[in-house]
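Below are two complexes that have subunit A in common, paired first with subunit B and then with subunit C.
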Partner chain A sequence: MAQQISSTKEDTPSRPLTAWFDVRKRRVGSWAFALNRLTGLGLVLYLFLHLAVLSLLVQGEEAWDQFVALAKNPLFLFLDVVLIFGLLFHALNGIRVALVGMGIGIKSQRSMFWILAAIGAILLVISAFLVFTK
Partner chain B sequence: MAEQVVKFKVFRYKQNGSAPQYQTYSVTVDEDTTVLVALQMIRYSQDPTLAIRHSCHHAACGTCGMRVNGQEVLSCVTKVLDLGTSTVVVEPLQNIPLISDLVVDMQHFMNRYNQAGMPYMRRSEFNPGATVPDGIDFYHRVENCIECGICVSACPVAGSDPQYLGPAAMAAGWRVVEEPRGEDASDVLAWVNQDHGCWRCHVAYECSEACPSDVDPGGSIMNLRKRLIFGGGD
Partner chain C sequence: MTSATITREKKISRAATLWITQVVSGLLLIVILALHMISHHFVVEGGLRDYQQVLAYVQNPLVFVLELVFIVTATAHALIGVRAIILDIGLSEGAKRTLNWILAVIGVITLIYGAWLAIALQQL
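Right, the complex of A and B next:
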């Protein structure tokens, strides 16, 4: 049998990468696929934001105190919860992708998603409670 | 049988330099009218220029795969009124080069699929306790895959990587590894063990959800990975 991939006359992708996020009429696996990419991008963006914020420490106590005051704003706290959702989803779905991707739990990949989603939902509620009350 | 008029918004494209567009037709259907029959009715009585592919009309050949209301289906067994919409949107399969209207170039699909070298007959798992006649070791049956291309259309990765082997080809490859039947499984494992092979899949599993023939391409790709990593796999 042939070892090489047959090249076709079309060497350019038939659809743009944005098509990954068109999940209309798709099932839960595609939603998880798209959301994993979105949360991944979001977490990378957050990393840079976080480093930028931490650099305020270099500017002195006043600059840091101003940021801390902003961080106590309810809108900011809400964004913290959104961040936690992104972290939880990416991590837990990532565990599913890693396991299934190695051939572990292949037949139960769908139920694995829902079990991890339930765990993530519980952790998110607890986290949101702590964010807004502590 | 109660009849009603349903609109069909059909993707149209001809290789004459015109941009693709949608054309709407009205068709009178009843409870048993399938999308394929409705398209044939459009061809026969309204627009003979509509290009469609079809053959067996009973979900065995895979020829009539297309997207209906955004989902990949075999149009020959998709009943119009079961869709529950007053307008049915009909489009060609994605991620396979388009020839005209609802007809895609299946040679593109077969170029990859045939590389797996999967024999079409497999050992039958039905009724394992059956007594076989003299001269036969066990019953055979035809492989599940009907080469419809629906899994390729549903795959989010297939559209963004033109060299991706795709779910159908790799599902066929897994069947060779799982049940060699005289083929060299190590050849297949070497073939899928590449960037555009089984490692390109990102576990969306839309292929398995969309497959009309119980192939489970997603599971097959993961089994190939398991075999490559651990040497096992079921």
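Right, the complex of A and C next:
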């Protein structure tokens, strides 16, 4: 029987906000649920940070180009890869959750999760290569 | 039909609307962010555009429209998602209304800031 891995009520812990974060001894669906939320929160923080950084453009060429020089150091590049992991996981898991929510692929959602995870891993490796070589 | 039933139906309708908004905005974001990552980072020598390159890029009318669509969809998707996580605490009806207002204000400020930024970059 296919394991339930969608972000359904069944996967939502009974002690919300504290329990969903604790995924010990839980199924892959709970891990996906928790990681989807963590990546989502991280992306929200990044969105507002990104919007703030873009205001450097209004301050002029020197301000922006100084930021670009800083953003090319290896620590920033590593953080770019972490960001891309968050984007890929959230996007691909979001596609699965949306499909299951619409009643599509409910019985094959476990294999769908692993197929999307494999696609995500390939895209992450390609992206990391481009980040560090461009 | 009792008022309790009407209220419950309204809540279900709102939840459905928010869910559909999440799905549609999420799909749009996947397309826009893929374009953004490729055009801003992966095809640019050095991985990041310098000042003149950024201005030339964002002053393209199509990119300007895409940036506006991005700010609307990203803000909506982000705030609806944050709301869903916070609601898991189990808020009272009054606290939910306060939360909705706070998130709406954050959303409006973000949209105004994003629109200002996009327009300001056209004038540099």
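The rule is short, and it goes like this: the second predicted complex is superposed on the first by the 119 of 134 C-alpha atoms of A that agree within 3 Å, B and C clash if a C-alpha of one lies under 4 Å from a C-alpha of the other, contacts with A are read in each partner's own complex, and residues count from 1 in each chain.
Just so we're on the same page, a contact is a pair of C-beta atoms (placed from the backbone, for glycine too) under 8 Å apart; a residue touches a chain by one contact, two chains touch by 3 or more.
Note that this is a predicted model, so its numbers are computed, not measured.
In the superposition on chain A, A:Gln109 makes contact with subunit B only, while subunit C stays out of contact range.
By the touch criterion defined above, A:Gly40 reaches subunit C but does not reach subunit B. Contact with subunit C, but none with subunit B, is seen for A:Leu54 once the two complexes are overlaid on the shared chain. Of the two partner chains placed around the shared chain by superposition, subunit B is the only one that A:Gly29 touches, whereas subunit C remains out of contact. In the superposed model, A:Asp65 lies in contact with subunit C only, and not with subunit B. Looking at the shared chain after the overlay, A:Gly101 reaches both subunit B and subunit C. Under the contact criterion defined above, the residues of subunit A that touch both subunit B in one complex and subunit C in the other are 12, 16-17, 20, 101-102. Considering their complex, residues 19, 22-23, 26-27, 29-30, 33, 37, 41-42, 44-52, 54-55, 71, 74-75, 78, 81-82, 85, 88-90, 110, 113-114, 117, 120-121, 124 of subunit C touch subunit A.
Residues of subunit B touching subunit A in their complex: 69-71, 94-97, 108, 111-112, 115-117, 154, 156, 159-163, 165, 183-184, 187-188, 190-191, 196, 201-206, 209, 218-219, 222-223, 225-227, 229-230, 232-233. On the side of subunit A, the complex with subunit C involves touching residues 12, 16-17, 20, 37, 40-41, 43-44, 47-48, 51, 54-55, 57-58, 60-61, 64-65, 68, 71-72, 77, 80, 84, 87, 91, 94-95, 98, 101-102, 127, 130-131, 134. Partner subunit B is touched in their complex by these residues of subunit A: 1-3, 5-17, 19-20, 24-27, 29-30, 32-34, 36, 96-97, 100-104, 106-107, 109-110.
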